[in-house]
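So, here come the structures, one by one.
There are two complexes below, and they share subunit A, which is joined by subunit B in the first and by subunit C in the second.
Entry: the complex of A and B
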């Protein structure tokens, strides 16, 4: 009995503490209200909520604004993944002009600074005679992931829906996974992330990777929190040219926001390939070859800031697309 | 807007006017909060 009372008191303390933080956040960041999603649940469904002054109130769910990025699943559910799904991405290289909207959208959604790119756009050139092309690259969520095998603390894991995620609360920052990943898609978080107050104090979830933890490894997570809500990842939505298709292999459907197509038909018709497939990692990202490109490669170079131009300068010069100085 | 928690830990916002309408100014007891947190139907509460 006494034990039950202790548990009850502890639970109450924990919840009141969290509510107090939420209340402070609400007072300090009143303007944040507009950043919340306007998604409404069904009218008539009553939800019990804990008010900041310790009262349990019942409110119609249609009057609630859900805070984005709040953990919506337990740690166990986050590790198991979404049953019946097998997420897959297709990248149409013929449409990419390095607009970098995908990179910006990813950084904004995950509260990452400009120097941390979970999704990068490379300038690839397959042979000396061949023309270069833009190549967006993020974690490939391999079906045979070397990163998962080498993690000594089980911080990075493969889920039933195909995603490879990282639990930053377990990660010890040993970087074994970074060394094991043949695609160099993981980044190390060297500094304390600068986050808004309410994001910094929200409950961590491996599905969102928020709030980020200093001294741990991060990478693209295919935004499973959005998938649970039936939304496409921000990179897919942000791309003005429909480069990225995202969907479910089990349903055999992928969408780039504008069009929804059959996954199997798309990769068959366009002769899709997987990056460095010979490594046996079985990536879950397919590329459609840059045939009949919609934009000249220079288009993605001209308007870049100088620091980014420097990245691609060598390949551009080699391809005689820039004058050598 | 007032930020509040659902039983399954989601952060939601409710307008202050709406909250004032439903408030009874009765602070919940430890047992009530314990029951609220462990409500078996909490998955359907949001």
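Entry: the complex of A and C
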């Protein structure tokens, strides 16, 4: 037991270390970027930062150049993946109350309009008498991905770190991968995506998926650009209930932002399962069963806007959850 | 080229057709061109505005276009299998119909793949299929198979045409100079010497033997685009043979229809005789029964096993509020009707067989639609989508316009080709007529049967 704790502690330290290094790197880049950019008026808002010497410095926020998606790697690197990693996600269904913060964070990070969700939350009901539960779903980044098998031009590929990504500069838009994916994960750009001007002209990388292009397929990418910076994907960070654990199977560590735990221990203790194991796709996303739930299902329904309520109405009615109100 | 009495008669009969692009042909051609123009406009819009203007969305990613693709590749079997198999079996009565059959093959093999292109989001990146091909993908198999098949069918059609080109070349046809020249080039100096005859005959036999397995590969590979996915209604081991059979079946139907139209249009009754309709009708009946058997076993196993995901799709096909009526039509008009029409002696007439073929071909098109759409409308995870166009597919005018443009292209190519070559091969007719009885007697024989 003690040993395990030690491992877990070490993992956490490692994680914090990487995060710290990334912050410093970000700062360095930020100051570098600001030194050559045009002068900006002081806003007066101070920001505390950790300097490379380990000191905490306070600088005016206007000197910071906010650099999102800074980890642009070459196409080849983007295909290879991050060496030594094997990304994995654990979703704790007992904590989800459909707060939809993960969806919002994902949409924002990837500059997506409301109707194109990479991350969706479904209301599942496994059997007629079974209890409904909220089921967030990203791409499963399967180890035996049906989508990658069928791609005729190698536009979607499996990386050594376990991620399945898409190169939308190679994709011909045949949509075969969408037909092949049993989990309806992939979305198509049916028209030119609406993007801010600077994002539209940003250099494309399969790791960021930005900018999206008309006539090509996209999907959740587990944000490898953030992993390169030592950050967790926005959905994980945004969740108020710590539903998502993201981490590295090789390190045997996953973190939901609040706690960092041993991946193998977590899935052992909580009897994790993979969705539709029988399809043989070997997903990299594990679910912790919705047992001893922290919130009643209705909590995720009551405060939704009407158009979202419409999505789940059938299941709620079927479970007689609407009349109780 | 020396022509015998029968050949001369046949040639004289068809001469005006290839000498003049008559008013009727022009009228129809312009009509077809108008449809093609509308399709061109629809395609322009689709390229400019993106696929948003089609009915396809994230769940139903494929629609009419793919159904048309399967349909056209399916009818291309008319030439490949019917003409190929009959050639291998040395069936004599095939000779007047092989040209029509092989023309159907070549033309529909051109049109089919156009429909898969319409379905592709980035036409500007088509060269990626050759730059970065992945052999694991059934689409790559398809590209290879269809290109080979197309080349094979063109060669097969051309080989059967060389002798005829020589006849046209030597016949002093009243046609423009360029057309004369074209016949001369295409006849590649054929004079009817014994060695030339032998070469053509050997090549024809080889091509007939090759074209049959090629055709089977093409449609199997096509079916595997669906069969290789993990979707209910698609992920079935029967899909390869099922598609192949449905393809030969619909090809026979289109062949019968084309024969019926040409017989009417050019008064070819003494060449495209009742027996041709009846013999092809027999073939259609047998294929219909086999197709019915495949259909039955496919849905019976799915229904009986009643796995949740399978049942969802089958439930939609059986539900009158969803696809029930279409499914019923596909099976009644696609299986029962043609079998009955041919099986009952009283209804076994060219006109009725042609009508049955028409409904059967229509039913098989519907069937292709029913293979694509209900499966895609039944994803594993609940859709829980509030946008109606994402939940249920309905084709837009753009897709319909392009569908009709495809059909119009088929007719247009047919019209144009029938102005260049005779619909009934002249040279093939010779050998047969010498030894067999004159035409009217055969008709009598059929009538008394």
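We take it that the second predicted complex is superposed on the first by the 255 of 325 C-alpha atoms of A that agree within 3 Å, B and C clash if a C-alpha of one lies under 4 Å from a C-alpha of the other, contacts with A are read in each partner's own complex, and residues count from 1 in each chain.
Convention: a residue touches a chain if its C-beta (ideal position, glycine included) is under 8 Å from a C-beta of that chain, and two chains touch if they have at least 3 such contacts.
Model, not experiment: these values are computed from the prediction.
Judged by the touch definition given at the top, the superposed model places A:310 against subunit C, while subunit B stays out of reach. When both complexes are overlaid on chain A, the residue A:131 reaches neither subunit B nor subunit C. When the shared chain is aligned, subunit B comes close enough to touch A:203, but subunit C does not.
When the two complexes are overlaid on their common chain A, residue A:180 makes contact with subunit C while staying clear of subunit B. Touch criterion met: A:215 reaches subunit C, while subunit B stays clear of it. Look at A:47: by the touch rule set out above, it reaches subunit B but stays clear of subunit C. When the shared chain is aligned, subunit B comes close enough to touch A:59, but subunit C does not. With both structures placed on the common chain, the touch criterion links A:170 to subunit C but leaves subunit B unconnected.
Contact with neither subunit B nor subunit C is seen for A:271 once the two complexes are overlaid on the shared chain. Listed in rising order, the residues of subunit C touching subunit A in the complex are 49-52, 56-59, 61-62, 119-122, 125-126, 128-129, 131-134, 136-140, 143, 225-226, 228-231, 376, 379-387.
Those residues of subunit A that touch subunit C in the complex are listed here as 115, 120, 122-124, 137, 146, 149-155, 170-176, 178-180, 182-184, 186-192, 214-217, 276, 279, 281, 307-308, 310-312, 315. Contacts from subunit B toward subunit A in the complex involve residues 1-15, 18-19, 22-28, 30-34, 36-37, 39, 44-46. By the touch criterion stated above, subunit A contacts subunit B in their complex at residues 5, 7-9, 11-12, 15, 18-19, 22-23, 25-26, 30, 33, 36, 41, 45, 47-59, 61, 63-67, 70-72, 198, 202-203.
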